[in-house]
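Take a look at these structures.
In what follows, chain A forms one complex with chain B and a second complex with chain C.
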Partner chain A sequence: MNLEAVKLAAANNVWSAIFPEMMLGCIALLLLVLEMLLPPKHHEVIPDVAAAGLFGTLIGLIINWHPIWIGSETFNGLIRHTEAGQVMRGFFLTSALLVCLLARLTLRRQAMPRIEFYHIVLVVTAAMMLLAQSNHFVMLFVALETLTIGLYILVSYFRTSTASLEAGLKYLLMGALSSGMLLFGIVLLYGVAGNPTLPAQSTQPLHYPELARFLAANPHHFLASLGIVFILAGVAFKIGAFPFQIWVPDVYQGAPTPVTAFLAVASKGAGFAVLLALCGAHGVFSAYAWLTTPILTAMAAATILFGNIAALTQHNVKRLIGLSGVSHAGFLILGVVASQTVPMAVGAIYFYLFAYLIASFAVFGVMSHLAGADDSDQELEHYSGLAKDSPFLATVLAVGLGSLAGIPPLAGFMGKLFVLMAAFQSGARWLLAIAALGVVISIYYYFGWIKAAFFETWTPPAESGGAPARPARTSVAPSTGLLLGALALASIALGFYQGPWGEWLARP
Partner chain B sequence: MTIGQILFNLFALFTLVMAAGVVLNKNAVNAALCLLLCLVGVAGLFVGLNAYLLAFLLLLVYAGAIVALFLFIVMLLDTRGDARPTLNRLPLVARILATGLILGGVASFLQRGRLVSPDIAGTVGVGAALKPYAYQLFTTYLLPVQILGFLLLIAMLGVIVLSKKFVGMEDIK
Partner chain C sequence: MSPFLTDPLLIAIAAPLVLALAIALGLTKRWSVRLAYGAFSVPFLAALHVWWHYAAAPKMGGYAFLTRYSTGLDGLGIGLKLGLNGISLPLFVMAGIVGLAAGLYALQSQAERLKIYVMMLLIMQGGLMGVFASVDVFYIYFFHELALIPTFIMVGIWGGRDRSYAAMKMTIYLTVGAMISLVGLIALYVKSGAHTFDLIALRAHLAAHPLSVTLQHNIFGLLIFGFGILVSLWPLHTWAPLGYGAAPSANAMLHAGVLKKFGLYGLIQVAGPLLPAGAWHWAQPLAWVAVIGNILIVGLVTIAQRDLKQMIGYSSVMHMGYAFLGIAAGSALGVGGVVMMMVAHGLSVALLFMLATSIYHRTQSFAMDEMGGLAQPAPVLAACFVAATFASIGLPGFANFWGELMVFIALWKFAPLITILAVSGVVISAIYGLRSVARIFFGPATEQMKAVAAKHPPVDLRWSEKAPVLILLAALLFIGFWPKSMSQAINETLATMSFREPAAPTQALPR
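Here is the complex of A and B:
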């Protein structure tokens, strides 16, 4: 090992290229310092610092949208800066900001330490941003573990509630299993691609371009295809795709509502950023499309059907939205399948993700506001008569759910339309039929929720009945109202004008 | 077959037997000790592959520290071996399906997973010596090392949040 090579490798660590992630790390540390230094009665400003930091980082990212590193690799190939990476950075920052704002509603009802929650959210967000830009399996795994371990803690954060602890334990066990599968896959690929007896073997088999070169030279290697299947299984766990969706309902129900939103939106987005980098048109596994396309196609069909049919029978709204999230994952996998042949599908996936983010947070915002002290106990019946008590909340809920269901002219409809258009162009006709069936089924349960809010009246349970009363309704604080209104308006506006995403869709 | 290959196969067999022991043992302390021996077997495999540093780290960190921690926790909890849930309640179809899948997977792996390996004695493993490893860690892989620092920090915070007694929470409220 000579000194010049070491110096060269060190010089390739361009820290300014990951400035947004470093900002988040510094703000996270600042929160802990503030908690130590400030007297306890001033502690309520600390969540504001976290939210302001996220907002500032997001603004900074938008201002410097085209840094000079776009299209190049830094950190000796660990990170690759792309436009898609910038989009995902913005996606994670937006969802983390909204999670912090929702957490202020939810954490207020619990006697819990607060600051650590925001700290972990910030670190997890930075890890997601790096994950979306990773260009090397070592980077991918380290970022993924940071994100997953942070989420284990966040899921079981309300430790006085048994539901939250149960959810945390289930998520831990399932997450460990999925990480194990992912590692098995990575190790198999590493071993095969580093074998000197095979053509195009590499000394850096975990680096995406090197691995892609190796896979292109050995397009039907058994061990490599086994590794790819293992990696796909590990990623499918994270996005909650069938048959790896088993953890979704319990974990979504038990986790604190803001964390459920974080899991449903940001964690799923991170999984899809990885899936696109691996299985997209120019992805690492593109030489193995003969293997990935049938797997992903079957997975998409099964995920859409399973998520929607399972959601039909749910009464707990957190379980319902979790299972409906499974079906949304199915739609996004459909987009990934289409993106292997149709370039427009990539833009469709990003638009779908943003539409899903806005609609989900509108619904989760209403849920956070209406939830009582027991965060896992949020039933459909609790929503009856909402339109009479608070027309504003009911409208926001209806817009959010309508967008999730894909009712024109809301953003969710356009997202579904773009993904289905891409799938149509790629020739997966029978998948289109399944997707359309899924949309029809989903309208039933989304409208069941809207019906409860608009057309049913609340009857308090009989004294003898064991069912507890619903949590008391309070008036909406102006800041919460502003946030929810903005999300609902964005859902409507994005349905009419897709802005920069529309430009992306029109690209050849 | 050279002596190195024979030793490698012996260690592989030993590791597998001990791994089965971890799963099948009813007594948690015995299972943890089987895990310890399983890790020793894996360390032996690493030595056979010239990855001395990895073997040493595995013994030091996993066998030395983590299994000792497991044993402490097992003894603190004082678990009884008979409290284990049985798997007999699985439907017959599921059992046949799972067995078939596992056997099919192993069979296809044995049949098609052959890889012509180069002479392992001739190649020097990446994890063979400390110095090149450390150089790599602090140049090429500096970013993952930094992220792991944050990972450990949030893990520590998580332990505190999930296990500490809430004292003086009224002030914060």
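Here is the complex of A and C:
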């Protein structure tokens, strides 16, 4: 490529458009520099720097909510800036901020380096934000790999714990497999769309609009549909949809609790941002709706049923919430299916994601606080009598779980309602029936957890001299209390009043 | 002044909820209890206020006191629209009265962790007022679910025997019912094409463009199945006696008395008028299930009960059968009768549940075989229980009489055979009602009763118990002797609604 072409390409770079991502990268580096410069006794300010940086970036994003490049492509079509992209950026920043706050609780109990944890969280967040705005399969793959590799490290971060290492290895193997499938699908599409004998062939077949144009001109090409199926399989791995959910329980159990939260919320959100860009109403694969709709429909039904039924028998709360997260992924796929015909479904998915974020972090916060030295050992029995020892934590837990279960008046109910309304409008009746069944099943295990925390049950007296069955309960620090209380209140408030969110949702 | 502060309906909903939130945020126990007296009185006073002013209030689309608050979902046709028509007004008033009685009783009770207990009851009360004050179908559902949550927790924490099992069973059943009715309501929303949950707009839209007959059949089927579970339609009623048997009394009063009426209310206010062809299609099967299942089978099961609370629970399931019959009969007379019955049943069953707990405090048992002779040491309790039983059987002088009478008259036009079977159910309720009175209060005391009485000599009703009893009894008698106070509003509204019979509305209700 000659110099002129490079100059031409660079002219399209609007660096200020990805200022939040660059900001996160700089802060991530700053953390490492601070670790070198500051004496060890001052190292506890470094997590604060990470949290403050995330918060500042979030505020900056909100202030610049409508930059002029919304709706246009930058970086030669690698990135496309949309309002949905802004929403997802806010989503990732919020969840990363909460992960950093939870990590302070969890990392305190472990003797291991801490700064790298925050560093990786920031880098992963930046990758997610780019992923949600990618407009090109190369961008998609690079961002996805950055985030996945970061998560490999985070999952096995507790390197003294075998459970964590096992989870890391499993996640690595499964992640590599899924990346491979994704890449294989991309390559197939690249090859097909670049074939000069086919109509509408393109010299830039990985650029979304170009590819969409090609697919629209060849709506039943076998190799293209094979590529699409592989890409969907790769994405399904990331969001933990049936039949690619097998890694979920073990990885969620072994990973440090904040990382579990990060996987459950942010990583899943990233997967859905990709899925919407690919399979939504004006997505890349919209010409292949004849293929994607049945696949996603079957996947949604199976995911909802599998997640809920498998969660019924779990005793470890991390596995339980992992499998319940699988069923939530099913609900979101239901929204994606609906979004192909019903515009409101897109807003419903984003609302659902935010409601899920708030509720999940309330639950994960309580889990992080109650966990003992062995982070993977969090059993349902450990919650017995929680309401008596700490009514506050029990209430936060109940609100969070209630919202996840979709009980009015909490935010989770509104999310489910919007998705169900969209699904009905799109005509997916049977899926709706399965979703309703899923809600009923989920009540059993969510309320089983609440029951463990609230209802007094007779327990056999502990053998004298034996170690206490559950980790000792400590009082809630004011900052943690404030965070958890705010999350619980947000779940309630968003259930009663949707305000601008609702208007954004219902926009034509 | 801001409309927030002068809207009696919003105040009635918000007062309990605000206090519940304040308690959750850490109000002290002392102030929680003190302020709770106020928070239970406010809905009661608001209810009396709107009852008094309803006739003269300006009405729009049949609703008085209309206000609307946006929650940001206007684009989806969802908004907090409050108002009362002739169907919701009596129930709103009843919810205020029963709520005050249950609240007073709970505040005087010596429940453990009283603060959370009161908080739960406040959430329930706020939700109940919201159910009947909402004009938006979405919010009717929303407030119902809000009021339902505390039931699970209250049964689980303060419940009696089998509480954990009862709480879970109740929750699963009620969630199934709620989800099915939610799907039905979404179907109504989407298929009507009006894209609004506002009941007034929906009615106008569907009057102009009725749904196809098949759709009406299907949606009404979904709704009757979902609402039916919530109202304990046979054979999906088994959660009710179990749950009420285990529930603490204040919770049972509010749930059996008021909250359970949501399903019937939904059928009368939403499903019936909007889907007349569906109502006609399902009337015969519904009537047969109600009369054979709810009235006769459950009636006989009620006779067989030895446990007082279980007996009241089953009897309430049985009485729901009459309500379903009135809905099946479908005329303005039948539906008006159901509204009257819902009010009367709510008051009387709350009274019975409360008195059952009072009896328990004196006998230390719910088993009726182990009681006897309680009338001598506790004559006021005996008199009140007898009155409540008479009301429940439906003797003249109590509100229940008018409701059942109207249902039977309407039913005769609809299906004489069913009417005969249904009337024989009154005999069943007389049998178990009078027998329980005889067992508990009259005759010689049993050995167990003597043993208990030796340790704790039974005393008569205390004032803390008398106050809620008197409120409920007064309301029952007031409506019993002056039914027009309720029926006028019911009549006016039903006259404007087209039920499935296109015949001219009749001056059916007693004036």
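Throughout what follows, the second predicted complex is superposed on the first by the 493 of 508 C-alpha atoms of A that agree within 3 Å, B and C clash if a C-alpha of one lies under 4 Å from a C-alpha of the other, contacts with A are read in each partner's own complex, and residues count from 1 in each chain.
Note that a residue touches a chain if its C-beta (ideal position, glycine included) is under 8 Å from a C-beta of that chain, and two chains touch if they have at least 3 such contacts.
Not measured: the values here are computed from a predicted model.
By the touch criterion defined above, A:A111 reaches chain B but does not reach chain C. Residue contacts after overlaying the shared chain place A:F447 against chain C, while chain B stays out of touching range. When the two complexes are overlaid on their common chain A, residue A:M421 makes contact with chain C while staying clear of chain B. Judged by the touch definition given at the top, the superposed model places A:L432 against chain C, while chain B stays out of reach. In the overlay built on the shared chain, the residue A:A10 is in contact with chain B alone; chain C does not reach it.
Contacts of A:P408 after superposition: chain C is touched, whereas chain B is not reached. Contacts of A:R159 after superposition on the shared chain: chain B is touched, whereas chain C is not. On chain A, the surface touched by chain B in one complex and the surface touched by chain C in the other have no residue in common. Contact residues of chain C toward chain A in the complex are 24, 71-76, 78, 116, 141-142, 145-146, 149, 152-153, 156-157, 163-164, 167-168, 171-172, 175-176, 179-180, 182-183, 186-187, 189-190.
Of all the residues in chain A, the ones that touch chain B in their complex are 1, 6, 9-10, 13, 18, 25, 28, 40-41, 43, 75-76, 78-79, 111-114, 116, 119-120, 123-124, 126-127, 130, 138-139, 142-143, 145-146, 149-150, 152-153, 156-157, 159, 168, 191-192, 195-197, 222-223, 226.
On chain B, the positions that touch chain A within their shared complex are 108-109, 112-113, 115-118, 123, 131-132, 135, 138-144, 147-148, 150-151, 153-155, 157-158, 160-162, 166, 168-173.
Of all residues in chain A, only 344, 387, 391, 395, 398, 402, 407-409, 413, 417, 420-421, 424-425, 432-433, 436, 439-440, 443-444, 447-448, 450-451, 454-457, 496-503, 505-508 touch chain C in the complex they form.
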